[in-house]
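Going by the order they are written in, the chains are A, B, C and D; count residues from 1 in each one.
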Amino acid sequence: MAVNVALLGAGRIGKVHAKAVSMSEGATVVAVADAFEEAANALAQAYGARVSSIDEIAAASDVDAVIICTPTDTHADLIEQFVKAGKAVFCEKPIDLSLERVKSCLKTVEDLDGTLMLGFNRRFDPHFRAVKEAIEAGRIGDVESVHITSRDPGAPPPAYIQSSGGIFRDMTIHDFDMARFLLGEEVTSVFATASVLVDPEIGKLGDYDSAMVVLTTASGKQCAISNSRRATYGYDQRIEVHGSKGVVSAENQRPVSIEVATAEGYTRPPLHDFFMTRYTEAYAAEITTFVEAINQGQAPQPSGEDGLKALALAEAAVKSVAERRAIGMDEI
Amino acid sequence: MAVNVALLGAGRIGKVHAKAVSMSEGATVVAVADAFEEAANALAQAYGARVSSIDEIAAASDVDAVIICTPTDTHADLIEQFVKAGKAVFCEKPIDLSLERVKSCLKTVEDLDGTLMLGFNRRFDPHFRAVKEAIEAGRIGDVESVHITSRDPGAPPPAYIQSSGGIFRDMTIHDFDMARFLLGEEVTSVFATASVLVDPEIGKLGDYDSAMVVLTTASGKQCAISNSRRATYGYDQRIEVHGSKGVVSAENQRPVSIEVATAEGYTRPPLHDFFMTRYTEAYAAEITTFVEAINQGQAPQPSGEDGLKALALAEAAVKSVAERRAIGMDEI
Amino acid sequence: MAVNVALLGAGRIGKVHAKAVSMSEGATVVAVADAFEEAANALAQAYGARVSSIDEIAAASDVDAVIICTPTDTHADLIEQFVKAGKAVFCEKPIDLSLERVKSCLKTVEDLDGTLMLGFNRRFDPHFRAVKEAIEAGRIGDVESVHITSRDPGAPPPAYIQSSGGIFRDMTIHDFDMARFLLGEEVTSVFATASVLVDPEIGKLGDYDSAMVVLTTASGKQCAISNSRRATYGYDQRIEVHGSKGVVSAENQRPVSIEVATAEGYTRPPLHDFFMTRYTEAYAAEITTFVEAINQGQAPQPSGEDGLKALALAEAAVKSVAERRAIGMDEI
Amino acid sequence: MAVNVALLGAGRIGKVHAKAVSMSEGATVVAVADAFEEAANALAQAYGARVSSIDEIAAASDVDAVIICTPTDTHADLIEQFVKAGKAVFCEKPIDLSLERVKSCLKTVEDLDGTLMLGFNRRFDPHFRAVKEAIEAGRIGDVESVHITSRDPGAPPPAYIQSSGGIFRDMTIHDFDMARFLLGEEVTSVFATASVLVDPEIGKLGDYDSAMVVLTTASGKQCAISNSRRATYGYDQRIEVHGSKGVVSAENQRPVSIEVATAEGYTRPPLHDFFMTRYTEAYAAEITTFVEAINQGQAPQPSGEDGLKALALAEAAVKSVAERRAIGMDEI
């Protein structure tokens, strides 16, 4: 069976997903919707799809699944609309910046037994995936601690910051999901500290650009997350997981891996400087996973529940910074 | 202008090139020819192309260019046929195993002012390309020596060896081209030594599986090539270029770059174990280059002449092993 | 001027310091004291020194300086005795496990204008020192965060744990000193979390074997420390400092740096598995620094004050684990 | 039994060996001889030894062994004199630049059943030794090829070149010994090419500064050696040994191993820039081995025969460059 997919949103990430669909076996882009008509036309034409409105797509009998890449504040409504319309839904994170709204949305999905996959792309990065597989293969024994370094090449513009929900909901949320993915046990407590070291403008907007988070679980496992909105040397994305028998780590990635040695020393090029080139393979793999889950009638992972839990951890981090104490997840 | 491309040969490498064409902007696969009908059908269908015979393609007015991925002994004839038919030609290496036949073929191409690009894919590997760019940017000063390590994961079957022309014409030829590409000066002398250490069957066929080659140029530049038909740890492809100001090197590539540390030590996974996964990007980039050259009316590189020169170096290596002395290129 | 040094304590670390003295230009071991006579004799003989009692050494006119490597609970008394006797004092960390006792001891040193250097050996490791120098040279701009990984190869025996003062005063204290050394700004707040994952016996003694600490400064700089009493792959000692212009890091050290690649992957040997082989150069360099400071009439670093501040951070960490909140240093 | 050692030659390398003797258990420096009195006095004083003449040392009943670090042209005579005097002899390489003189010297040593160890220090480098041990442990299966990169930080002064015997006898000789050490089979054929790329002055003296050598054995094993008198990034000393089951390699060494990452990339410091800091541990270990062999009444390795064979390979390399062909070792 071929899965017919409609793209909601024809922006930067929409294009990435459209390409991923076109390269997945048994999936086709059939329709594209975007408020910005020119973008919709361009994307539709590239893949031989039609331009449609949101409502037309919801009503279309030839659409099996939708990929939601519209602005965050539309996600929850669209998820509900398309689950009601019987479509399988892939939605970019987050579902919403409000925990309450996420909960009500997921209730709807659950009541309708809908199919919802959330776009935590990093779970599909081949290197991080290999870390997970090494853990599952028992190569490091029982997991004891997870260390996540996640630093953006540069700060986003103020306009983005304003509607982002803040560093924990916007940036650390990926790390929260990765922490849950790798710890293998739910987080029970969150401590976070944050400051403004990169750009005072970010501080004026009430947000932070530098953060450290410590998560703990009931059995005493720990996770440290280190975030910054600045990394001059590229997109710094490292993971290290310690266990009773050893440690597994995933190194940073760079576009080319040459080394030049001169009297000044040995120099390798900077890392990828953009999340889309860093996570090219991950974006493709997550869409392939979505398509396969639909074809096999299985619930795709990561789920809406995963999105909810990561957002709750972000909520706890915000509270922790304000109260300068560890926040129990039972308080959220 | 869109370049309409026909594939001659729908095997393993044909599929790779077809995909590369389909992903190149301004290029389309329009026809596929293969003696094995099923293969031709499958490939044609995947890209919405028609199945044609060789002669139909030569005569087709809607075909601008052909990609030749048929067996080696058909290359020279096909190049001549399609250059005469006015098509731009991309041909897998080698043009032929006989130096004389290559020369006569290139004479035909030259007389007809034909367009011919040879598939030395490694020139398009992003890492090796970055080595070249570092040299051209003057980062290591004047090139003094080139060191090429090129070891296959495993030996090919006897049947392949028999029609391969021997290790120097089949395997080292890529390294000869890379040496020329990086030395920036023509090779004047070749010394080679070879032995059978991997598989006695290869020796029975009169070939070798382990070789070392030293090339020199008129100004005293040197190049060392190390070859083996066995590398248990994967496809070992390294380059190191020394110059008056320093050295630039390209490391090996692996599918995933995690590291596991236990009481036994620190372990990273093996390398790519297949040339097609190792050189995925290179295969795509060489076809893109071919298409761009056609669109811009320029002569594509590497040329037929590059193929001829690499083959002549292989010829010299064979002679050197037999005579246990350095062979001047003026002797070939 | 030659500095005549007496060793108080002829155990494991005493031997290391005696050798360092003998290899420092302008310094000689003249006397050794140890409650265990055989040990004193052996060490004295090896360096042509005499065996003396503590009080004899304090009274000896030919002794310029003492190196204290006796059990922790004797440190403060010995420091006071020898400062009063007019000797320059080098003392292994910590001065005492009680913050009050350390304060009163340092008061005595200060009142007498005594010379006291504390044995935070890691400041003298050539790799960590190079990190410090890179920071001071402005290579990473303004320091924003420090990341310290400090994991012991194995847990000490219960008897050691019992008199150690707990993981923060015994193990993390080195990291607290390194954090202060690299942050370049005093720590104002400490958050710590700790658990027992390695050895339940440690838990029964009221101590922890796994900890994470987050330090912050007034200007918003952050430091993360990760500790474990277990690292199967060796003595894991890494530092990473991020600044406005980049990051500088010091890698782990191993006795031999070969790599073996087979079908199973690429394997390097484990790290040093003992602090004395890992920090060989650091131990020698700290004693050389002590001798030079005496010869040049300068106050040696790290000072007693540095010892006090690191201990105060340990105190805050203990309190933070108990109260599950960030502890302001003004509370200690 | 303590071994009493006399130093013949109190220059740079003499100092290194004297220190190594003083740090070896069961060995003492008792006498020093040097034509330059001041040097002899300084070294003798540092280790509580006496200054003596060569002949006094040969006659001294309290001298068990001598370490010869005088100029090359005195080596053979001194070896003979001291073997005749019944002393164990450690001699810096080479025994002599003339193959005939070496042979006659070794004949004398053999006839007198003398003890002679030759200073091929690299065999004692812990990293290269670990390579050897990995081979002996069967980790890479049967050895198939050895790759030696050996590049000096800078060219020696013309005066040194003049009396050096040329690049193969002076510099490559270390690599020839290492090749024999690692191949585990005698070399039967040598091909070499050499040129002047670094310093024209070296060419005017009839020597070369850049060389490549290929060695082969009867069973078809191969070894490639790459030499240059220039390496801007430090003392480049790498070894790679391929076998039927895998490869083992020893990386370069640097004084400090930090890494700084900025917008320009990731930079590590240059390598050691001096053979004495690069091979500090090797120099100490070879003297310890010499002392232990004497104490245990065993013949020390590497032997005079090892020195002879390395020199013969150098001779063959010189001939190969001149005749542009592989030289059989039966021709030398």
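Methods note: contacts are C-beta pairs under 8 Å (C-beta built on N, C-alpha and C of every residue); 3 or more make two chains touch, one makes a residue touch a chain.
No experiment lies behind these values; they were computed from the predicted model shown.
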item	value
Which listed pair, A-D, B-D or C-D, duplicates the contacts of A-C in over half of its pairs	B-D
From chain C, the most remote chain by mean C-alpha position	B
Contact-richer chain pair (by C-beta pairs counted) among A-B and B-D	B-D
Length of the line joining the C-alpha centres of chain B and chain D, rounded to whole Å	42
Distance between chain centroids, defined by C-alpha means - chain B, chain C (Å)	58
Sequence positions of chain A contacting 2 or more other chains	232-233, 245-247, 261-263, 269
Contact set on chain A toward chain B in their complex	126-127, 129-131, 134, 139-140, 245-251, 253, 255-263, 269
Residue numbers on chain D that touch chain B, as the complex places them	144-145, 147, 149, 151, 189, 191, 193, 195-198, 210, 212, 214, 216, 219-222, 224, 226, 228, 230-233, 236, 242, 244-247, 324-326
In the complex with chain A, residue positions of chain D that touch it	232-233, 261-270
